[in-house]
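For reference, chains read A, B, C, D, E and F in written order, and residue numbers begin at 1 within each chain.
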Amino acid sequence: MKPGGTAGACAALVRRDLTLVWRRRGDALNPILFALMVVALFPLALGPEPEQLRRIAAGIVFVALLLAGLLALDTLFRSDYEDGSLEQLVLSPHPLALLLACKIAVHWLTTALPLIAVAPLLGEMLHLPVAVRGVLLLALLLATPLLSLLGAVCVALTVGMHRSGMLLALLVLPLYVPVLIFGAGACNAAQAGLPFLAPLLWLAAALVLALVLAPLACAAALRISIS
Amino acid sequence: MKPGGTAGACAALVRRDLTLVWRRRGDALNPILFALMVVALFPLALGPEPEQLRRIAAGIVFVALLLAGLLALDTLFRSDYEDGSLEQLVLSPHPLALLLACKIAVHWLTTALPLIAVAPLLGEMLHLPVAVRGVLLLALLLATPLLSLLGAVCVALTVGMHRSGMLLALLVLPLYVPVLIFGAGACNAAQAGLPFLAPLLWLAAALVLALVLAPLACAAALRISIS
Amino acid sequence: MHEITDSDHRPALLQAIGLGFARNDEPIFGPLDFALHAGEVVLMEGDNGAGKTTLLRVLSGLLAPTSGEIRLHGAPLRLADLSPQVALLSHQGGLKHDLTALENLRFAAGLHGQRKGISPHSALAAVGLDGYGEVLVRQLSAGQKKRVALARVLLAPVGLWLLDEPYANLDRGGIELVNRLLERHAHDGGAALITSHGAYAYTSGTPRRIALRAQAATGAVR
Amino acid sequence: MHEITDSDHRPALLQAIGLGFARNDEPIFGPLDFALHAGEVVLMEGDNGAGKTTLLRVLSGLLAPTSGEIRLHGAPLRLADLSPQVALLSHQGGLKHDLTALENLRFAAGLHGQRKGISPHSALAAVGLDGYGEVLVRQLSAGQKKRVALARVLLAPVGLWLLDEPYANLDRGGIELVNRLLERHAHDGGAALITSHGAYAYTSGTPRRIALRAQAATGAVR
Amino acid sequence: MNILTLWFHKLGSPPTFYRLAGLLLPWCYGIGLLLGLVALYSGLVLAPRDYQQGDAYRIIFVHVPAAWMSLFAYAFMAANAFIALVWHIKLSEILAMASAPVGAAFTFIALVTGALWGKPMWGTWWTWDARLTSELVLLFLYLGVIGLNAAIEDRRQAARAAGFLALIGVVNLPIVHFSVTWWNTLHQGSTIRLMGPSKIDAAMAWPLLLMALATHIWFFGSVLMRARIALLQLEGGKDWVRKVALDEGAAGG
Amino acid sequence: MAEFITMGGYAFYVWASIGVFVGVLALDALAPLAQRRRVLADIRGRLQRRAAREQREHGGSP
C-alpha cells in the first residue's frame, strides 16, 4: 500500500466500510425487512382489493423505500462518531469531501441497492402492473442516490447528538419531497400511459448537481458539528 | 413524602417523567411533525385526486400514527438505560411491573395522546369523510394504548442493544399487525356504511388483556435484558 | 429471621457462599467466599476486566449468579423480590441529566425511601454541593455528577453500600470526601464493598481487600 | 518554510501564541503561550473539566481556537487543510470494534500513511499485542484497546503526538510501556504533549508540565 | 476587512447592539401595531366588497401579508446565516436564529388563513397543489431549523449548524413563489405588483400594502426582541450582562 | 354593524382568520418575555452560586 496517496486512502476506506458491513451482514437485511413490512401494512389497512392497490402501488413502494432509507441513514456516521474514527477521518491529510463521497457511495451500495433489488417484489405484493416496473426501477436508481446524498448532509449536521432519530426525519423529509414528487410522478405517469421522461430527466439533473455539491456540503456540515 | 410507600414511588416516577418531558417539550412535538410529514408524503406520491385519497385516508392515518409511535417507542427506556436510572428502578423495593405501567402510561399520555389530537387534522389533509372521524378517533383511543403496551414489551427486550432502531421495528411491527387490521378495519367499515362495532370491541378486549399482562411481561423482559 | 454468623461471631450483613458468575460458560469470577459485617469497608481490587463490576451487579441482585448463594442478613437474596437493603453506585450514576440535582435526589427518596435524619438538601450539602441544588445535572462536571450520585447513596435507608469505582473522576478533595463518608457509614454500623483499580483508595484503618484476577477462576480474600 | 524559533534557538514543532478557547463565551482555557520542541515530552495536568481534552482538540485542528494562533513547524495551522503532522489519541480511541486489531491498523496506514521502518504488524508487537492481530477489537479488554490505539499513533508518519490520558485504563505494565514509547519517540526527534490527572505519569527525565486550571483564564508553564 | 465586516464589528459589539435594539424595540412594536390596526380597519370596514367573492375576500388582508412575510423572513434568515457562516459574525448568527420562530409564526398564519379562505372559495380546506405543498414544506424547514438549533448545546455551534440547514432550504423559496406560474394550480396567481399596473382595485390595494408594511416592521421588532435575549444567553459570563441581570432583578424584586 | 359582523355569511372564515393572525402574533410577542425572565433569573442564579463559592473558599483558607 503506497502510503499517503489519496486514491489509496479512498480505497482503504471503501474496503474498511465494506468489511464492516460484511461483519454485520445480518443488520444489512433490516432495511429490506422494514420496507417489506411497511408495504405489507397497506393491504391490511386498506383492504385487499387488487384494483385499488394497483392504483397506489408505485407511490407506496416509493414511500416505503424512502422511509426505510431514512431509518438506515442514522448508521452512516453514527458508529464512526461514537468510536472516534470520524475524528481520525477529519484529521487525515486527504480532502474530506472525497472521503465522505466514498462513505456515501458504500452506504448507498449496501442499503439502497438491496432495497431497489426487492422493489419488484414489493410492487408484486401490491399488484403493480408489470409495464410500470421498468420505470419504477429507473426512477429508484436515480432517486435513491439523491436521497442518500441529501440525507448525508443532514446526518452530518445531527451527528454527535443524542436522540437524533426524530429530528433527523424532520430535517430530511422536506428535502426528500421533490425527489418523491418527481420519482413517484414518473411512475404514475407511466401507469396512466402519459409521457414520463421529463421527471426522470429532472431527477438525473438533480443527481448530477448533488453528486458535486453534496459531499462538499457534507464535509462542511461535519466540520461544524464535530466541533 | 412518606418514604417507602408504593403509591408514593409511583407518584414520584410519574412526576419525574412528566418533568422530563416538560424540560424537553420541543422534542415532544417531533412525533406529531413526523406523522404530519408521513401523511403528506402520500398525496405527493399518489397524486392529489381527493376521491382516491378519501378512499385510503383512514388506512394511511393509521399507518402514519403507527410509524410515529414506533419511532417514539425508542425513547421509552433508552435514556433511563443509558444513565443507569433503569437499574435503580429495578433495584427499588416496589413491584417493577407497577412502576413500568406508570412509565408506559406517561409515555402514552405524552406521545400517543397528542398524535390522536392531530388525527382529525391528518384526516382532513387526506379528505377523510367527516362521518368517519368519530370512529377513527375511537379506534385510535383503543388502539394506541395497545400499541404502547405491546411496544413496551419489545423495547424492554431490546434495551441495552446498540442499533436497536431497526431491530425494534422488526420485532414490533408483527405484533402491531392485528391492531392495525382491527383498527383500520373499523374505519373502513364505517366509511363503507357497514357495522363497525365488532372490531372495536375486539380492540377493547385486547386492551384489557394487555393492561394486565403487558406490564408483567415488560418487567420480565427488562430483567432479562438488563443482565 | 435467624442470624448467620461467621467465625468472628458477628452478624454478617452480606455473605457470599461459593459465588460464581459465568458468561457464555466462560467464568468471569470464580467461586468466592466472603462475608461483610457491620462496620466494615472492604476494598475489591483487580485489573481491567477482572470482573469487579460484574460482581457488584451480582451482589446487588441485578444479575443472577451462575453458582453459589448470596445472603443478606442471613436470608438468601432472590431475584424476584429485589432487596431494599442495598444501595448501588454504578459506573453510570443513575442521574437524569435534564433534572436538577435536587429533583434527582427527591425522586430517589420517593423511589427508595429516605434515611432518617437526612434530607435531599442535607445530602447534597454533605457531598459539598451546597448551592448546586437548582442546577441541571447536565451542566455539572463529571466530578460533580459523581458527587450527586454519592448523595443518592447517602440518602438511601440501607446498611449495605456497593460502590463501583467511587473514586473515578474525582479530584483529591473528592477522594477525601468519599473516604470520610465511608468512615462515617462504617462507624454508624453500615458496611460497604467498594472497587477500585486506581492508586487512590480507602486507606483509613486497614480495610480488608479482595483481589479479583481476570478470567482466573479464583478469588482470594486477604 | 521559515522556522520560528523561541528563546532556546531550537525549531519549535508546535507553538501556541495567546491560544484561548471559549464555549458559549465562557472561557475553557485562558490565553496560553508555549512551545514544544523536537525531543520534548510535555505533560499537561489539570483537574476534571480543566480543559485538557479541549486543548488537545484545538491543537490538532479539530476545534477552531477562539483567540490566538497555533503554529506547526512555524506555519500557521488552518482549519481548512488539516495537518498531516499530528497524531491524536483521544478518549474514544478511533477503533472499529468489528474489525480486527490488524485491520484497524492497516486502515489507519492507508488513511494517514505509515512511518518508515514500521508496519502494522511490528507496531502491534511494539505495544505488546503479539498474536492479537486477528482478534476483533470488540473482544479486547479496555486496556488492550488502548494499546491498539497507541499502535495506531506509533504507525503514523508524524513527529508530533497529542495523547489524551494515555495512561487511563492501563495496568502497571501498560503504564511502563507508554513511558518507554514516549522516550523512544522523543529520542528519535519527535515531540509529545500528553494529559493526565492520574497519579501515573511520564516520569523519565523531568518533563515540563503545563497546569490548566478549570475556568480560570490563566495557564502557567512551569 | 471589507466594509460589511467593519460595519458589523462596529454595530455588532454586543452591548451596543443590545442597547440600540432596546431603543428601537418599542418603536417597532408600536408602529407595527398602529399601522396594523389602521390596515385592519380600512380592510374590514372601508374597502368595498368584492363582486365575486363577497366579504370572504377580506381574508386577503391577513393572508397575503403573512404569506409574503413567510418568504421574506426566510430570505432574511438565510442571508444572515450566509454571513454568519462565511465571516463568523456572532450577530448574524443571532439574527438568523431569531428570525426562525417569527418566520414560522407567519408561515403558520399563512397556512391557516389560506385554509380558512380555501373552504368557502374552493370547497376544501386543503389540496395538494404546488403552492400549498411548498408552503407546508417551508413550515417544516423552519421547524427543522428551530429544532436543530435547540438540539445542540453549544449556542454558536447550534447557530452555525442550523444556519447551514437554512441555506440548504433556500431552494424552496423560488418554488413557493413561482409555483403558481410553473404549474397550473388552484391558487391565485400574482395580482399585486408594486411596479406596473396592478390587477387589484386601489381601495383594496392600499390597506393590503399598509398591512404588509406593518408586518415587516413588526417582524423586525420581534427579531430584535429575540436577538436581545439570545445575546444575554450567549454572553452570560460578561460583565455587561451581569449588570443587566442585576438591574432587572432589583427592579423586578 | 350586524353586516360588519356577519361578513356576508362568511363570518366564521373571516373572523377566524383575523383571530389566528392577531392571536399568533400576540403569542409571538409574549413568548420572548417569559424566556427573557428565565434567562435573567438563570444568570442571577449563576452569579449567586459563584459568590457563595468564593465566600466559602475565602472562609476556608484565610
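By definition in this document, a residue touches a chain if its C-beta (ideal position, glycine included) is under 8 Å from a C-beta of that chain, and two chains touch if they have at least 3 such contacts.
Quantities reported herein were computed from a predicted structural model and do not represent experimental measurements.
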Mind listing the chains that sit against chain D and also against chain E? A
I need the common contact partners of chain B and chain F, sorted by label. C, E
Using the touch rule from the top, point out the two chains with the most contacting C-beta pairs. A-B
Greatest centre-to-centre gap (Cα means) from chain C is with chain E
Averaging only over C-alpha atoms, locate the centres of chain A and chain E and give their separation in whole Å. 33
From the C-alpha centre of chain E to that of chain F, how far is it in Å? 18
What's the distance between the Cα centroids of chain C and chain F, rounded to whole Å? 45
Averaged-CA centre spacing for the pair chain D and chain B, given as whole angstrom: 48
Chain A residues touching 2+ other chains are 79, 167, 170, 173-174, 177, 227
Which residues of chain C are in contact with two or more other chains? none
For chain F, residues that touch 2 or more chains besides their own: none
Where do chains touch, given as pairs? A-B, A-D, A-E, B-C, B-E, C-D, C-F, D-E, E-F
Across the complex, what residues on chain C touch chain F? 130-132, 134-135
Can you list the chain E residues touching chain F in their complex? 29, 40, 44-45, 49, 54-56, 58-59, 62-63, 66, 101-102, 105, 108-109, 112-113, 116-117, 119-120, 218, 222, 225-226, 228-229, 232-233, 236, 241-242, 244-246, 248-249, 252
Partner chain B, residues of chain C touching it in the complex: 57, 60-64, 79, 82-84, 86, 88, 90-99, 103, 106-114, 157
Please name which positions on chain B make contact with chain E in the complex. 26, 29-30, 33, 37, 40, 43-44, 48, 50, 124-125, 127
Note: in the complex, chain D contacts chain E through residues 23-27
